[in-house]
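Multiple structures are listed underneath, in structure tokens.
In the two assemblies presented below, chain A is common to both, partnered first by chain B and then by chain C.
This part shows the complex of A and B:
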């Protein structure tokens, strides 16, 4: 289909632009040489240069040459070396799964409950349900993410104390040296808090958007037509309102999922999950140009791919966008 | 009352709570609807027509407080639950809404939406329902109906979607079809088609049609009976011929006389009703029309007049109803002013000459790299001349290039193609200072008086604003502003009030005053009365005529409303798809149109006179305006032209391949190979 092929070409172009910009920015803003300065005993200049050259981060080489080397690796599937001379690919593999575990569940739950609450809030505009969730959402949205995470932690510790055993774990992926069913349950216990901290934000966010979009549809002429045909309010809502109202959410969800990868940095740090977000913070702090670029590349692909999927999905659901 | 009723509305009142007080949307309305009749409900915007029809079909918003009874087969619909009422909706009572563009679900096929209406009330299979949907589209004269059921609403034009809405309405052969402004959002030629279909719909199903509209002309051709609403009440009701011929309530009399008509050959001052409709939160104590009524006496404030029987089969709500006829014949009510006629300025000084003006917009494609794939000609080689003290009107349906033409003139820069000469100067040779000087003499008034005034600026200051730019002294500004307010019929003492304190008609007067501040030679008017209520339009039109007489100013007037054009203009240019198809003196063009499109356009305009309207032969054009992106070959009108269709094959081929040049035919300039002759 021409539509998809065209979108895909666009998508590839944008990924290239975003990563190039990302690499050049990282290479000019970060200074890996700093890592070796001021050490005691001082590291000899030659050694520094050879280490930096080995990881392709020597600022004495022209930036375009380094970029060329990096791209040469990337097209072969090699993301280069970290500043600690380890493989970026390895680090990547370890961390991506950690992030996905957290994000997929967190965003899906956030979106699903957000949409649901948004729809009900719109139908019950200004009623108790709407007001309760309205105020809660504003409070959550105006509270910084790390504060929510820390509050959740306090709350969990408090409950654990009351219960006398550990229901919620506050740090890490799982307790080491266990296996089988026990590991599974234990992992879940570790997941609850970080997932919740992401989900709450998601619900707050999506429910507001969905409420507005639903209100638009509720007041729309075509819903009135549906009722004039003889559908009850509820039937009209389900048969004609929902699809139109949820449509814009698809694009929205897709893009925000992509962005969350880096956005979950605080949550990951606070709960001791060594995922992509936490890696990004660390990479910036250690002037690790290659790691930063790898994360930028990954995020760009993810955001754009999500957007691409969203477009295809919207086209499938909305005849107005098809074949234009 | 021997005939059985399909629906009976008894003492219906609807109010809405609001911050500024209770909104009295419908007040004590009683109305009988008979089987198979067409009842016209006419009123200005805000008079409660829509609320009345929504109450009938049970779709009022939750905040509405309703009292009274609406009886269908002896059952009071107002007491039914949503579930019970939904059994009647679509089956007994169906509705066609005003805006066809948004009334259909954008993500479902047309066929599915019609089928759904059938499936709700009938025990049939989906396939049968879909087939029936095709048949209904066919009945609504939609070409290739069985393919079109698979289309989505956005693939249909406005007129087509309104046909779909009518098809939906008749799907279950209802007893009553409520049509709320069904043709208001459409162009005149399409409006004529839709009204025709509405008539057909009622004949097919035997349903009674309640036609709700603000347009007297629309009801005149269609309705058997008419009910006139004012401020939430029915003020007069009866058989349409009698009401039009011999209106009894002062508001009705004024309304009927205030409407300009296309079929009038001589110019008259319109009757204008003073003031504007009352706010529904602060109604006068007695008759709601009292503050504007020329027959007002103190008793009119004593109580709200009831709708009472009058001359047999009519009813009227007026406390002085038996005296009104006498007042009218004595010439004491709305005396018709002596026609002063337009200034017979002998000077044929040409203020504005436009020749071969073209304007195209690039047609772009692609997302990342937009490229030009062609051009859309919004205006294609048009020429016209405006003489001093005259009014030239450009008429045409939406999208024919009227506004683009005005903007090109206002720009005062060299056009893409052709020549614009203003006050004897070619705009492509103007220096900066000359251009500024010309701007002073060329002012514009837009359609929407609400959008063109800054709500935070007192009106006096708004009027002085243009003078500020041309550094007129403060004291001069003040005197001029006072003069201007007086000139446009407003009280100079109100200069420090804000626009929100004025009604639509008054605001348009303010906008006109502002445009006149610098004593321009040409006033450009873009649909100046379209956004105004019917009863205040006449006032603004009269003002324009008066200003022309007093100031000798020239107007370049743009409108889609032929009746208004016929009323104000001296010369008219009819546009179709970016070109002028006919131009000449108004009387000539309107009395004996030469171009088939002009003729069809005139014939599509409803005339607010049931006798004339019902007896006249109408030309109903097929199809809708083609898109200017892809204009027809040859004569751009050939795919809709009724003249060419009746001619020989060689003639038809000529129309389809050769673009006709403008030439003089019986004194008018016409672009047609086979013009109509006297």
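This part shows the complex of A and C:
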């Protein structure tokens, strides 16, 4: 129990520091005033100031004072206003599930298939399966997410043309004005490409590490002992090998979650999903400090939660960690 | 010691290097990677001399007005052909795609290389200091690493994009390096922790060699192979980060071009005019692939026993 409590305290501290840093960076690098300058007819300075003050982004107020106001709101569950004087909370609520779907599916599918492929590759080292997936993962890891997404889009349009009907949709969450089962199928058709473009990288990433880790375990003494006491190869692998080999992946899970969130920004903007990533890009481009900070907070919590989960998972799988 | 023995020792130091080189060149994929990278580098260096056109649209040779007359697609678009000197075709405004791709390639390669050198150096210094000194310094530095890993570097760099876009791409290099060293630093740290218990480091410490000198003269040179491998792989990572940022308009921005911004420009009409993004995209994948093949080949050559690659 002490282990978890300690990790949680550290977790909270890091979230606070990361968000503070995020807010201060955004507040000093982004310039909301820019949005109102150069308009025709010109906006009077007083109007600009009063709008900016109202949304707590006036650069004439000290940064720390603005930060104080922002934190005061966040503690009460109010993330402030966007540059367009709308509620950040509303926007957050509308977008979070779009991203969550993508992130959860992306991380789980990536980890599960990656680990599976990695284990099989290790067991069948240098065989056809290992080579095929080895080379493919090299190529996928060398391709940035946005290029994977574009190429998938290319491929989908080609398939659709060949089939004569739309199997894959390349824009949006679902087609409007349908409901029930039709809507479900339609959403799935929309979901395949974005999820795939986010997952492929994860699969390649995990499979390479899992293969290496599994190869180490396959050559280890304790697996030989397990065979020596009479277990079959399969039993030894599943009972004693896999558990040890999967352990290091937990750490990678935490690291790769940050990458996944960045990847989601590309996927969402390419496939026209109005999620958190797309919002982030838009917010930076419109100097929307409060929205940027809300997304930074969201990201910090997610990444650290993934790290926390990885720690707990490691402790559950590896009794040695719990003693420390 | 007899002269014979000395000579033998000399042979052995030589043969280690030879051994590494031989192992590297026996690795087919590593040789393929090296060949590809050499070809790409040659293309980036010699490319501008192969075409009369220039990447800069504001220059005299930047725009081809004949393309507007010849274009079967409207605007200044023409498909790749050798007849009119546009090997990769022309863009909507009549710019030569080959010249722009070469410029983007130069930029991306240069940024990748510089970022890798900087970030690997930071990683070596921070990791070695933390691993050698241990205790409070180690805790503090590793906490900093943890903190920097909380926020994806992409997020921070996008927020800071206004700064470096107004003051040139060198600041982009510095910032990319500043948020790219953490994982290598962890690996360096764990290696330093085991090296510091070795006799030669202990001897140096007991002889009163100052800490800074031990780290720079004894610790870091002994991790050279690790740093070379990680440095190589970091080039690929840096190119991916840079092109990603440029793709979204947060990196290298017009009028200058990088592979990322070229791909972004080309994707709007990728389906109908594939030559606009095909070459920059292909070169990007090929470059990063070649670099990672070289990096892994180097690792196998330096340390043939390691199956698990990077140990953290």
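Following the convention adopted for this analysis, the second predicted complex is superposed on the first by the 319 of 324 C-alpha atoms of A that agree within 3 Å, B and C clash if a C-alpha of one lies under 4 Å from a C-alpha of the other, contacts with A are read in each partner's own complex, and residues count from 1 in each chain.
The working rule: a contact is a pair of C-beta atoms (placed from the backbone, for glycine too) under 8 Å apart; a residue touches a chain by one contact, two chains touch by 3 or more.
Quick caveat: nothing in here was measured; it's all calculated off a predicted structure.
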Which of chain B and chain C A:138 touches, first, second, both or neither: second
Which of chain B and chain C A:247 touches, first, second, both or neither: first
Of chain C and chain B, partner touching more chain A residues: C
Touched partner set for A:178, first chain B, second chain C, both or neither: neither
Touching partner for A:157 - first (chain B), second (chain C), both, neither: second
Contacts of A:233 with chain B and chain C, given as first, second, both or neither: first
Touching partner for A:299 - first (chain B), second (chain C), both, neither: second
Touching residues (chain side chain A, partner chain C) in the complex: 14-15, 17-18, 21-22, 25-26, 29-31, 138-139, 141-147, 150-151, 153-154, 157, 212-213, 215-216, 219, 251, 255, 258-259, 261-262, 265-266, 269-270, 280-281, 284-285, 292, 295-296, 299-300, 303-304
Residues on chain C engaged by chain A in the complex (per definition of touch): 146-147, 149-152, 154-156, 158-163, 183, 236, 240, 243-244, 247-250, 260, 263, 267, 270-271, 277, 281, 284-285, 288-289, 292-293, 307-309, 312
Residues of chain A touching chain B in the complex: 6, 10, 13, 220-222, 224-233, 235, 239-240, 243-244, 247, 317-320
Chain B to chain A touching residues, read off their complex: 57, 59, 82-83, 86-91, 94-95, 97, 99, 102-109, 116-117, 120-121, 152, 154, 165, 168, 171-172, 367-368
